[in-house]
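Shared chain: subunit A. Partners: subunit B in the first complex, subunit C in the second.
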Partner chain A sequence: MLSVRGLEVSYGKIRAVQGVDLEVGEGEIVALIGANGAGKSSTLRAICGIEKVAAGTVSFKGEDITNLPSHVVLGKGIAQVPEGRMIFGNLTIEENLRLGGLRRSEEKIDTAIADMVDMFPQLRDRLSERGSALSGGQAQMLALARGVIARPDLLLLDEPALGLAPKTAGEIFDIIRGLRDRGLTIALVEQNLRQALAVADRGYVVESGRIVLEGTSGDLLANDYLHEAYLGVKREEA
Partner chain B sequence: MDEHLVSILTNIGGFTFIALSAYLLLLTGEISFGQQAFFGIGAYFSGIVTAMWGLSMWAAIPLTMLAAAFSAGLVGIITIRLRGLYFSIATLAFAEMVRLALVGTTWQVKIDGEMIGPNGSEGLGNIRWALDNNIEANDFMWIVLITLAIVMGLFFLMERSRLGSIFRTIGADRLLAETQGINVTAYKVAATALAGAIASLGGIFYAHAQTHVYPENFDVMLGVHSLAYGLIGGLGTALGPLLGVILDIGFLEAVEWVQGYRMIAFGGLVAVLLIFMPRGILDERRVHRLRMAFRTRKTEPPPAKTHDPAAS
Partner chain C sequence: MIDFIQNTLDGITIGAGYALLAIGFTLIFGVLRRLNLAYGPSIMIGVFLGTFIYLHFDAGWLPVAIATVIGAILAGIYVERMCFWAIKEGAALASMVSTFAIWMQLEELVTVIFPERTYKFPTLGEMDYLEFAGLEMRAEHLIMLGIAVLMVGLLHVLLYRTRFGLSVRAVSENPAAARFMGINTGRVIFRAFILASAIGGVAGFLLVATDPTVTPKFGLQATFKGLIAMMLGGMGSIPGAIAGGVLLGIVERHMQAEFGAIMRDMAAYALLFLFLIFRPGGIMAQGVAAREAAALRRV
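Coming up: the complex of A and B.
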């Protein structure tokens, strides 16, 4: 579905992404794992048109979408839930959700909102409240729901559990699993190796802007280097 | 109605248009110090249309709004890559260019033995459409206020529509707005053009109420006031800029004992509000609470009827 070849992203003289190749197949959850500053988020942002691609190509369903503006990329079927539970605090929760469906008719948005409050019951009785009234976990659920309302074919999630309590983070990953079960393809950026690979089918490990490892979640979880580098333990101890 | 009151209400109406134009840009996250340019373009262009070309003010309104929207749209396109302070400075520079261009422009023609048209720093006079058509000050005030009511009504509709959410979304976070599929560039140019057209309405009424306008009427202080009206009144609703204008023109300018201290009081009010209510009196949170309270009251069931034996 998504194919990235030789992707490069630069910020001035700094090359944040250096020749990344990755594939995301239909119905998969693919995780990009790496430490802070590894280039994961830059890769995601370049795919959806927020960052300029300095070199390489991004194609989606066989169509070249390299450097298309993000509103055009969304129209092609790629929605993004940015890092930091970014919601619009001055808008109500319902208005936030409606923004996700800007390209859909009012009736379809109404149906989609009803569907979303079934999936996220925490939002049901709070539709008329302002976004700023939500807790961190609820705000992340709203951001996820808003991304899904756009009815994308591919959903890009940037660190969806960042800064959340473990229980809430677990709920978020359960929701992500539920979205995949509904047929959505997901590319996920995450620092937490265990959580990411527990939900993903495959993963890519990014270091210093390059893919250093790739494989199925099972293979990556069994990798000695990842255990030492990301979990700080040798595999026998884990 | 008392002549002084008519003049104040006409001014409140006229200046609310420029306040609304600055407010619209504030919604999209941009601070413009240059809305006085479009107020001035509105005054001069409409004055030329009625005084030099002999058309009515009703014809001048759409023509002037189109001209102002076009010039504002051009400014929007030129400044599209500028944000924050840089956008503010660019709009201020444009407004000063317009004002200086008016000072340097003389284009007069003889009509009925009189020289009519822009005459540099002497301004543009003989904008007599209202006088020639026997429109009394009281009637002119109603024209201004009814037009304002229509524009405010359109603002309320806009704020409850997708367009309103899009403008507020762009103002809250441009990048996040882009990820929601919003073509930020197109909407920002559209907002700039629309704001220019709205500001020009104020200029049209100002010119036809005063009958003579000067380039100095459209200096930077008018731009600062237009911004301050929204910041004082609040950015949660289009009523905010109106409230700001009422506080300034309706109170500080109209009440005799404040008049000598008007600018001091106005500056103090802006400073105090920016500290304690940075998004104005009717900010988003307060407006949301009011809306919720109103909605709750509307949906509350009527009190149950009880039988009072003493009444029967």
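Coming up: the complex of A and C.
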């Protein structure tokens, strides 16, 4: 569904992404794992047209979408839930949801909002409250709902559990599994190796802007280097 | 006491015009987070296009009003393309300086085409003073107040009941997040600019039609009054722009009545400095800032 070849992203003289190749197949959850500053988020942002691609190509469903503006990329079927949620604190929760579905008809948005409050019951009685009134976990649920309401074919999730309590993070990953079960294809950026690979089918490990490892979640979880580098323990100790 | 009420009423009606100017300023500042010093001069272009239609075709107030709004929109588009679209994000100072350059350019253009010191402008018609309980109101001022209230109502519907309005509010709050929502922020900014210019055109027409002469210094006046009203209300806040405009009108009118016309503008600048020192966020924006800070703490 998504094919990225030789992707490079630069910020001035800093090359944040240096020749990334990755594939996301239909119905998969694919994780990009790496430390802070590895280039994972820049990769996602370049895919969805937020960052400029300095070199390489991004194709989606066979169509070259490299450097298309973000509003065009969304129209092609790729939505992103950005890092830090980016909830509009001065807009109501319902307005935040409507923003997610701006490209859909009023009638379809109403139906989709009803669908979302079924999926995220915490939002049901709070639709008229401002986004700023939500806790971190609720804000992440709103951000997820807002991404799903656009009815994308591919959902890009940038650190969905960042800053959340372990229990809330677990709920978020349960929701992500639920979204996959509904047929959504997901590319997920995450620093937490175990959480990411527990939910993903496959993963790519990103270091200094390059893919250094790739494989199925099972293979990566069994990798000694990853255990030492990301969990700080040798595999037999883990 | 009756004088106090009379001056307050007069201030509110004049303030309604200032409020419209401030709304235009605040709409542009809201979506761009950059100041447009050429906002008043682009309204002046509209007013002088109206003057041209009036002088050369003896047109009535309605065609003149339409020409004023069209002229303000065209000049606004010129300013947007030159100072905001062409100058990339992050160069706020370059944008502001370029709006100052365009201000000078537009003022020079008008001075060359209209070399006289003042020109006549059509009134809304021959109207009597309206009297009620010992108070007098100029009918034109009441019309200006009514149109301003109507415009604010329409703007509220546009911003809170339409997709365009939702996009404008999203871009105003967080343009980066708006891009993630698939909003074409450039298009929203362009349309918001047109909207602000149209509102400015209406405000310019009303302010000049109630005092039916126009000078090339109108751009300066419109910029100062609109900017001060926006700062008093709180930058980026539409309710603040209305409150700031009305407050400015009332203070100016009272000061003029007490100390003469020369004190009117002095009072406006003094009021601005008092706000900058004691309430720099303006009447409304401190509430917005507190809400945003609370949101950042929670999310």
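The definition used in the following text is that the second predicted complex is superposed on the first by the 238 of 238 C-alpha atoms of A that agree within 3 Å, B and C clash if a C-alpha of one lies under 4 Å from a C-alpha of the other, contacts with A are read in each partner's own complex, and residues count from 1 in each chain.
Operating definition for what follows: contacts are C-beta pairs under 8 Å (C-beta built on N, C-alpha and C of every residue); 3 or more make two chains touch, one makes a residue touch a chain.
The shown structure was predicted, so the numbers you read here are calculated from the model rather than taken from an experiment.
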- request: Using the superposition on subunit A, decide if subunit B and subunit C clash or fit.
  value: clash
- request: Using the touch definition from the top, say if A:Ser128 reaches subunit B (first), subunit C (second), both or neither.
  value: first
- prompt: Which partner does A:Thr92 contact after superposing on A: first (subunit B), second (subunit C), both, neither?
  reply: first
- prompt: Which holds for A:Gly100: it touches subunit B only (first), subunit C only (second), both, or neither?
  reply: both
- request: With the two complexes superposed on chain A, say which partner A:Gly56 touches: subunit B (first), subunit C (second), both, or neither.
  value: neither
- prompt: Of the partners subunit B and subunit C, which touch A:Pro160 in the superposed model: first, second, both, neither?
  reply: neither
Task: See if subunit A has more residues touched by subunit B or by subunit C, and give me that chain.
output: C
- request: Please indicate which partner A:Ser70 is in contact with in the superposed arrangement: first for subunit B, second for subunit C, both, or neither.
  value: both
Query: In the superposed arrangement, does A:Gly39 touch subunit B (first), subunit C (second), both or neither?
result: neither
Statement: After superposition on chain A, the subunit A residues reached by both subunit B and subunit C are 48, 50, 69-71, 74-75, 79-80, 82, 86, 88-91, 95, 98-100, 102-103, 130, 146, 150
Query: In their complex, what parts of subunit C are in touch with subunit A?
result: 163, 166-167, 169-170, 173-174, 176-184, 288, 291-292, 294-296, 298-299
Subunit B-touching residues of subunit A, taken from the complex the two chains share: 48-50, 69-71, 74-75, 79-80, 82, 86, 88-92, 95, 98-100, 102-103, 128, 130, 146, 150
Query: Mind pulling up the subunit A residues that touch subunit C in the complex?
result: 48, 50, 69-71, 73-75, 79-80, 82, 84-91, 95, 98-100, 102-103, 130-136, 139, 146, 150
Query: Which bits of subunit B are touching subunit A when the two form their complex?
result: 162, 165-166, 168-169, 172-173, 175-176, 178-184, 284-285, 288, 292, 295
